[in-house]
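Order of writing sets the labels: A, B, C and D. Residues in every chain begin at 1.
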């Protein structure tokens, strides 16, 4: 029941502290910490395919078309997409109804993996299980909950994805 | 769709390095790192109820009866149990068929949470999703995979739960 | 040979990731991670006294007067000051020649303590030893080296304090 | 004022959790985490030379002769030795008076570097400064304090090196 791929698009999960600018930045294009996250998780099976490296606030319709294209073209039926939390809801609604018999699960993190004490491992661990157990469709998994595209909503006060 | 509780029983997940004996030990009875793990995961919703604090190699039939009793008595329908990996398969088979309409998911870790670079967050994150998405029954979730009681088996060579 | 105090002033060492603004920020006034750093270092002896909580780029002559006042008034003869790296050189030169028979050592970090994989523990560990072993005067200790006030200089290319 | 080398001999600092035996073990001979510790500390200057990889309780007179030989033969005048805490006092007294005009500083850790929340970086940071600031002789630096060979003593109750 593997048949699972992780597509990475950037977002907070993959940011790190930059000494020179003293800010959080994404690495060079297609650089992702997801393989290291999986190594620590001791789960070596999902293939990881970086498709872009963006702050999700910079994501345009063209980027969402590119993500949809990647979901369709990969051979796996179960797809996890790592994504910034800022516009995860928009991408979920964009993909909704267009992904055929695939189970697609968006996830991300509120604190970068590279900073430690991050929710990244917990969220990706949940998304990988959701992608294997849920029926075809588009979902988001954040902080222990499964959301349908209409229910994905980051609470700006708590910084969490609450129902 | 919360209605979820985490019962903790000890195991590697909750061990830590002891300066004096230079070995890995469990804390005092009922001490667990799961609340701290959930804080980092930024998922505050599951209630955590410690029921014992044991290396799973020391677990007896009486302990398994105690776990079963706790599963039955808690009001939640979705139950995650943190458990040592050494005898997780025995407890899964012990519980199998006795838990009514509850969804029960065993999980644990191969490296203690307190040592960093642990699979604990990833595994618990997966188990929490599995407990909400799978039909009633007994399962184990380890390192990105869902196992039925007959399929739970730690590979002593790889230290992983492989199919 | 203790007779040592740590005065904290803020700087990168004490910044942390803020979920809402997605930037690195200092906590509320006088909040510092130095006591937690000392707990991990298992060195409980230095008294920690927060005197301000500033990005060192925002530090004015008035703040430097306040630091000098604190150095003079504390009863300890050996003083470590945690400080942002951006203007550590200016504060070192400001204090130089004004601190009597005290040994004063400035230190800081290029990556926040709270982000993990930080140089904070290493730098503070070095500064505490320098404050006990060097003759009276003003110094900076960063990344394994001792600098006199004239030699404190952050290399903007390497992000290190090179000779 | 560099002219500094770090000789590694093993000890708790370099242990890690082993999944299969569930205990703390040293890696293969001459494997050490000190280069990674220095990378995080952003201090690239000290040469690191592994000379053995032992639990210090297994250290014999022959091993101490080997350490003394290494101290004498390296070209650097300032020498830090990473060492297990169990017999650091014996090695300090063995080396005392035999190291000519070199400044030799023993250090170690009470919690392995690889387990996180370790005192290793703090201790090595202090030892590197001590080796540059103290006159020739043999010392130990642990948890913020400098000890002469006669004063090195691990308190079995607190797990610290107290005066």
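As a working rule, a residue touches a chain if its C-beta (ideal position, glycine included) is under 8 Å from a C-beta of that chain, and two chains touch if they have at least 3 such contacts.
Chain labels with UniProt names: A, B, C, D = Asparaginase domain-containing protein.
Just so it is clear, the model here is predicted, and its values are computed rather than measured.
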| item | value |
| --- | --- |
| Copy pair chain A, chain B: interface residue numbering same or different (half cut) | same |
| Farthest chain (mean CA position) relative to chain B | C |
| Distance from chain B to chain A - Cα centre to Cα centre, in angstrom | 26 |
| Chain centre separation in whole Å, for chain D relative to chain A (CA means) | 43 |
| Euclidean distance of C-alpha centroids - chain A vs chain C, Å | 38 |
| Junction residues of chain A, two or more chains touched | 110-111, 116-117, 159 |
| Chain A contact footprint on chain C (complex, rising order) | 12, 17, 19-20, 22-24, 110-112, 114-117, 156, 159 |
| Residue numbers on chain C that touch chain D, as the complex places them | 1-2, 37, 40-43, 45-46, 110-111, 116-119, 121-130, 132-134, 141, 143-146, 159-160 |
